[in-house]
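We just call them A, B, C, D, E and F in the order they show up, numbering each chain from 1.
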Amino acid sequence: MTKKTALVISAHSADFVWRCGGAIALHQKLGYEVTIACLSYGERGESAKLWKQEGMTIEDVKRIRHQEATAAAAALGVSDIRFFDFGDYPLEIDKEGKYQIVDLIREVQPEFIMTHSKWDPYNTDHMYATEIALQCRMIAQAWGHNPGEKVLGAPQVYLFEPHQSEQMEWKPNTFLDISEVWESKKAAIECMQGQEHLWTFYENLAENRGNHFRRNSGGQAGGRSCQHAEGFQAIFPQCVDSL
Amino acid sequence: MTKKTALVISAHSADFVWRCGGAIALHQKLGYEVTIACLSYGERGESAKLWKQEGMTIEDVKRIRHQEATAAAAALGVSDIRFFDFGDYPLEIDKEGKYQIVDLIREVQPEFIMTHSKWDPYNTDHMYATEIALQCRMIAQAWGHNPGEKVLGAPQVYLFEPHQSEQMEWKPNTFLDISEVWESKKAAIECMQGQEHLWTFYENLAENRGNHFRRNSGGQAGGRSCQHAEGFQAIFPQCVDSL
Amino acid sequence: MTKKTALVISAHSADFVWRCGGAIALHQKLGYEVTIACLSYGERGESAKLWKQEGMTIEDVKRIRHQEATAAAAALGVSDIRFFDFGDYPLEIDKEGKYQIVDLIREVQPEFIMTHSKWDPYNTDHMYATEIALQCRMIAQAWGHNPGEKVLGAPQVYLFEPHQSEQMEWKPNTFLDISEVWESKKAAIECMQGQEHLWTFYENLAENRGNHFRRNSGGQAGGRSCQHAEGFQAIFPQCVDSL
Amino acid sequence: MTKKTALVISAHSADFVWRCGGAIALHQKLGYEVTIACLSYGERGESAKLWKQEGMTIEDVKRIRHQEATAAAAALGVSDIRFFDFGDYPLEIDKEGKYQIVDLIREVQPEFIMTHSKWDPYNTDHMYATEIALQCRMIAQAWGHNPGEKVLGAPQVYLFEPHQSEQMEWKPNTFLDISEVWESKKAAIECMQGQEHLWTFYENLAENRGNHFRRNSGGQAGGRSCQHAEGFQAIFPQCVDSL
Amino acid sequence: MTKKTALVISAHSADFVWRCGGAIALHQKLGYEVTIACLSYGERGESAKLWKQEGMTIEDVKRIRHQEATAAAAALGVSDIRFFDFGDYPLEIDKEGKYQIVDLIREVQPEFIMTHSKWDPYNTDHMYATEIALQCRMIAQAWGHNPGEKVLGAPQVYLFEPHQSEQMEWKPNTFLDISEVWESKKAAIECMQGQEHLWTFYENLAENRGNHFRRNSGGQAGGRSCQHAEGFQAIFPQCVDSL
Amino acid sequence: MTKKTALVISAHSADFVWRCGGAIALHQKLGYEVTIACLSYGERGESAKLWKQEGMTIEDVKRIRHQEATAAAAALGVSDIRFFDFGDYPLEIDKEGKYQIVDLIREVQPEFIMTHSKWDPYNTDHMYATEIALQCRMIAQAWGHNPGEKVLGAPQVYLFEPHQSEQMEWKPNTFLDISEVWESKKAAIECMQGQEHLWTFYENLAENRGNHFRRNSGGQAGGRSCQHAEGFQAIFPQCVDSL
């Protein structure tokens, strides 16, 4: 029997850690095979600490970011991490690049996809990645794209939490309890040596999302005991058999 | 063992039929005990056909609407339908009225609540009912309201489909497959003798929401065979253990 | 043959002048019978200049505002102006008051209604008037409200321009050419002796809306020569026989 | 005397049928010359049924789609249908392609343009077509683009109805009565042999939009008898001489 | 010379602590006189822990909440805290109540007002308080309300942070550095013995808003060292002499 | 000591005059060094009057527009105006072009940036310029882009006023008093010989924004005497030490 699968489309190689590391670790634990696609290394825009070191080159930065991301993925239980190296700041993907992503989507056939918010005035690579994710999802569904290949169904697309949720007009409609994998997420976060200034931020956030989980699952009258959570905004309606 | 429960808060006595009759019938079938609260009979504003009859009085209209709604509820498998008779066009509820609704909410302790859209420029009673539903949900959660009673948890509130979805700024994020109870919903609809002009409308709508269900559950690559569906907009985020 | 009619619902007795004086004058000229309903005199909140005079009383303010509004209406060609005197700052209308407005709506049977914006954080009376207008429109449509009276159809509701359009989240979807009645509107404006600080503002605005009219009717390639215009936001969709 | 004209900008060769076939047929009947521009054949993404046939090639699909679209246009009374063959899934148009569309817009000099919704997370080609339509409308207005040619005025752009209106954040502000040309639209729909699963959907929709037309034109107190309608969202304000 | 002043309008007696305790303490330190208005004690809805104690009465709850709030205010350096005791869950304020608030606003003549978010489906008292704040601000500006009194200017209204910012559609446009008064805010928080489950939440939040402050003031290239911050959404535009 | 700096990113060479000429002149006067970047001359789309002259060529148009813009800048006190000549209608900028803008941003190191609105269905060049401005701001912040150069901090981005504010979904949150430099702005406006039809429009607008400034700074109870103003929408939250 085939495993369930999920796919993360991450603009830069560290985004998946902060934003959906818990979801990744949890679904791996639940038996999913999660694939992480890093569209770039974030080598130019998200590696300030490395660039402050003397003699640093772009190849070095990519290599180090590759290592960190691979280690972080491993900490989350994931071995299937792909690096597209499309370049960052700005991330720009041509038709051939899109087709590579489509190939991956069809290969993975994910139950669901996780990616960035729709709007991000601070970091246009992020919203561009979302645009690309939706476009490639559409192409992967086309019977006439590489006819004969297995086409994609209609996987949900979850937008994971950006750094400043309100400024990105991101509104979570789903809270996921990640308490039982929090230690894995924390370990993955600590692989990101170059962005130590964000560690506490994301620990605080996970705790506060846990509070929101408790509030929405019943509050002082039966709310679930949840210590850490992640929020997601599902783009598409869900199809259910009961409310 | 206690049954699961659900509560419908319907501004006028026919709203529940068109807008969530399928959800009601389905959950009854699934073993839920669904309670329907009709805040008014819609005796003044939604009974045009009756008022066109010679010699009609408000008491007659209420009596007939009571009968129709009770019959429709029965067709959906529901026996617990409550009529508050708060008056319509305009629906106005004072503090005592709100407390009666709170009493009902606490009595039912619903898993979820279904009510109207947040905005409705055609029918201000509808959006007022939603406002009341949120307010009473809040009061029912208060430990200091009738101390000693069992307080309410945090049930989801689903906004059911209004007559002109886009004008009411209503966006469904949940499609429910009601194929297996469609005949019950149709029977309930046909209890509404006074509003025959809406029968075809809601049958068409159910079929088209079925199409949306199929599209969102996989489209031409594995979409579920669903013939009839209803759409809902959940107000609160959902709390989950997997995506 | 009966004349076409229109109804203005104005929170305070001067609002109709600034915001839709041109539309009023134009439709009168086109043969409509326009009725103006002033829900209050704006006696407390919009009569600063009067209150700065020694010995002023509320009765005096109302009397003067009554005179000014009647004169402004006359300048626009309107003799049918009704003063409800519901009080202002805050404007509050009980059920009996609503029924009086419903009576007027049914008496007038307007082709269209003009009123305030949906949101106004500066002046909550304005948005309350809009809420009341929608609610009374609904009641006037009810066959069971005063059975036997002629019920209302579905007149368009045009939201006229507030003082700070963007802050009120008001977006015009209709520009009306008022060039030929501009002098009447100007005369009406000049009846408002207590608010002289707004005269230039509304003349500038009318000219600039004229510019928008020209731009939207063709710009430098055939735009209509329009010197003054007013903007409106229609709430309901329009029903047409051609695009 | 020259005929009035209109232009449809359709991302794929079947979109115009479902979404504005009634408007096309009606305006042809009213004496307009309607031109349909198909930016692609939808050969890869919207021809699933064809691709399921053995031995199908992209040339075959395009040829068949060309035939179907031409036949559908004819059923709507249109002979002027242009196929740009820019490719689909993804649709991508370079500057030369845009200039071809501009040439067409200037040639047609349309009274109004019809195209897709502004947002479509399911089908990014659709929203891209709208972006292109707005951009080309702007270029066509430029006196410095191919100086000497007749520049474009400011035609309205109507966004026609997408498959899931609420998900596309599309809100109709105009309902068009297409009752008298419904049989033509139905005939055009039935030319689309490859998408039979959508036939009933769009018939239901036309009936329900007819219901909305009736409701908005007066409801139970004088609403127009309209059996089928189409909805449109006008992007720009309209310029009028009376409300 | 008179001191600058500010006013907090808090639906329940603890809201001001979590949501703007830092702003209060900071402005007191800057020489402002801050007045806190508690519209209710939150005696029924926000005192769960107290109600779980045996023999608790409403008078006891109010008394204890009064003490806690007064102590918290003191911890923030505030002695002027007013308790209106309008009742909670639901909070309802009649015209006389509004006039009492207007009296306070005129007495204080605040430079700015702080209150709740515009939308809160969890807690309708919160959004009602905002509605009341805007209405009373308007009345306080009216020359005809208690003629002879000093009328109000146009103080900014800052919406402070609700418990779940995204669900309340609250978007901060102002971050205030509260690092130097954090210990005071923390002390105030710890006065709220009945809501200990929120202490960590608001400490995490203050740290994360500090991160947002740093990011928005320059990030890794000169961002201000700010340890704790609070976010606010200003309703009205600000008037400035330089950008 | 170094001067403070600001940067304007203007899609076409005249945009800066109408939309932020006052802000430019004022900040020059305040001692800022303001740099104006014109991404194109608006040579094709915004030079209708020139193209109506016999024998006009694109080189002539650019030359004349260059002169007018330089003169207008001078009238505002600015000598540093850069012309990128990327072409207009459509404006399209490739990666090298973006890097040139990034170079300028880093050279200027602006305290704040001014550019167009986020949405503009009339003029897609405008919203494209905003997209480019955000993207280049991001690149300029990247430590890995041209390592060794001084990276950018986090300057505010102010969206200046478009021609039809409501249609562009632009909402000003900042009003700037430009009374003392109005004559300079007027002189700059009058340099735009090709667009005389807009002169009165922008004078009216400046006066009306002055009215809004007065209203928001206190109205009839202490509002500042401001004769002319400009409105801006800040994209990012501001970081402050007091409210």
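One rule holds in what follows: a residue touches a chain if its C-beta (ideal position, glycine included) is under 8 Å from a C-beta of that chain, and two chains touch if they have at least 3 such contacts.
Not measured: the values here are computed from a predicted model.
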Required steps from chain A to chain F (each step between touching chains, minimum): 1
Interchain contact steps from chain B to chain E (minimum; 1 if touching): 1
Set of chains adjacent to chain C and to chain E: B, F
Copies chain A and chain E touch via same or different residues, half shared test: same
Per Cα centroids, the chain farthest from chain E: D
Pair joined by more contacting C-beta pairs (B-D or E-F): E-F
Farthest chain (mean CA position) relative to chain C: A
Separation of mean Cα positions, chain E and chain D [Å, integer]: 52
Between chain C and chain D, centroid-to-centroid distance (C-alpha), Å: 37
Contacts with two or more other chains, residues of chain D listed in rising order: 48, 122, 141, 143, 167, 172, 212, 215, 220, 231, 236-237
Contact pairs between chains, per stated definition: A-B, A-D, A-E, A-F, B-C, B-D, B-E, C-D, C-E, C-F, D-F, E-F
Chain E partner contacts - residues on chain A that touch it in the complex: 48, 122, 163-167, 169-172, 197-198, 200-201, 204-205, 207-208, 211-212, 215, 220, 231
Touching residues (chain side chain D, partner chain A) in the complex: 43-45, 47-48, 51-52, 56, 58, 61, 88-90, 92, 121-125, 167
Footprint of chain B on chain A - complex, ascending: 6, 23, 26-27, 30, 112, 114, 141, 143, 151-154, 156, 158, 172-177, 212-213, 215-224, 226, 231-232, 234, 236-243
Chain A to chain D touching residues, read off their complex: 95, 98, 131, 134-135, 138-139, 141-145, 147, 157, 235-237
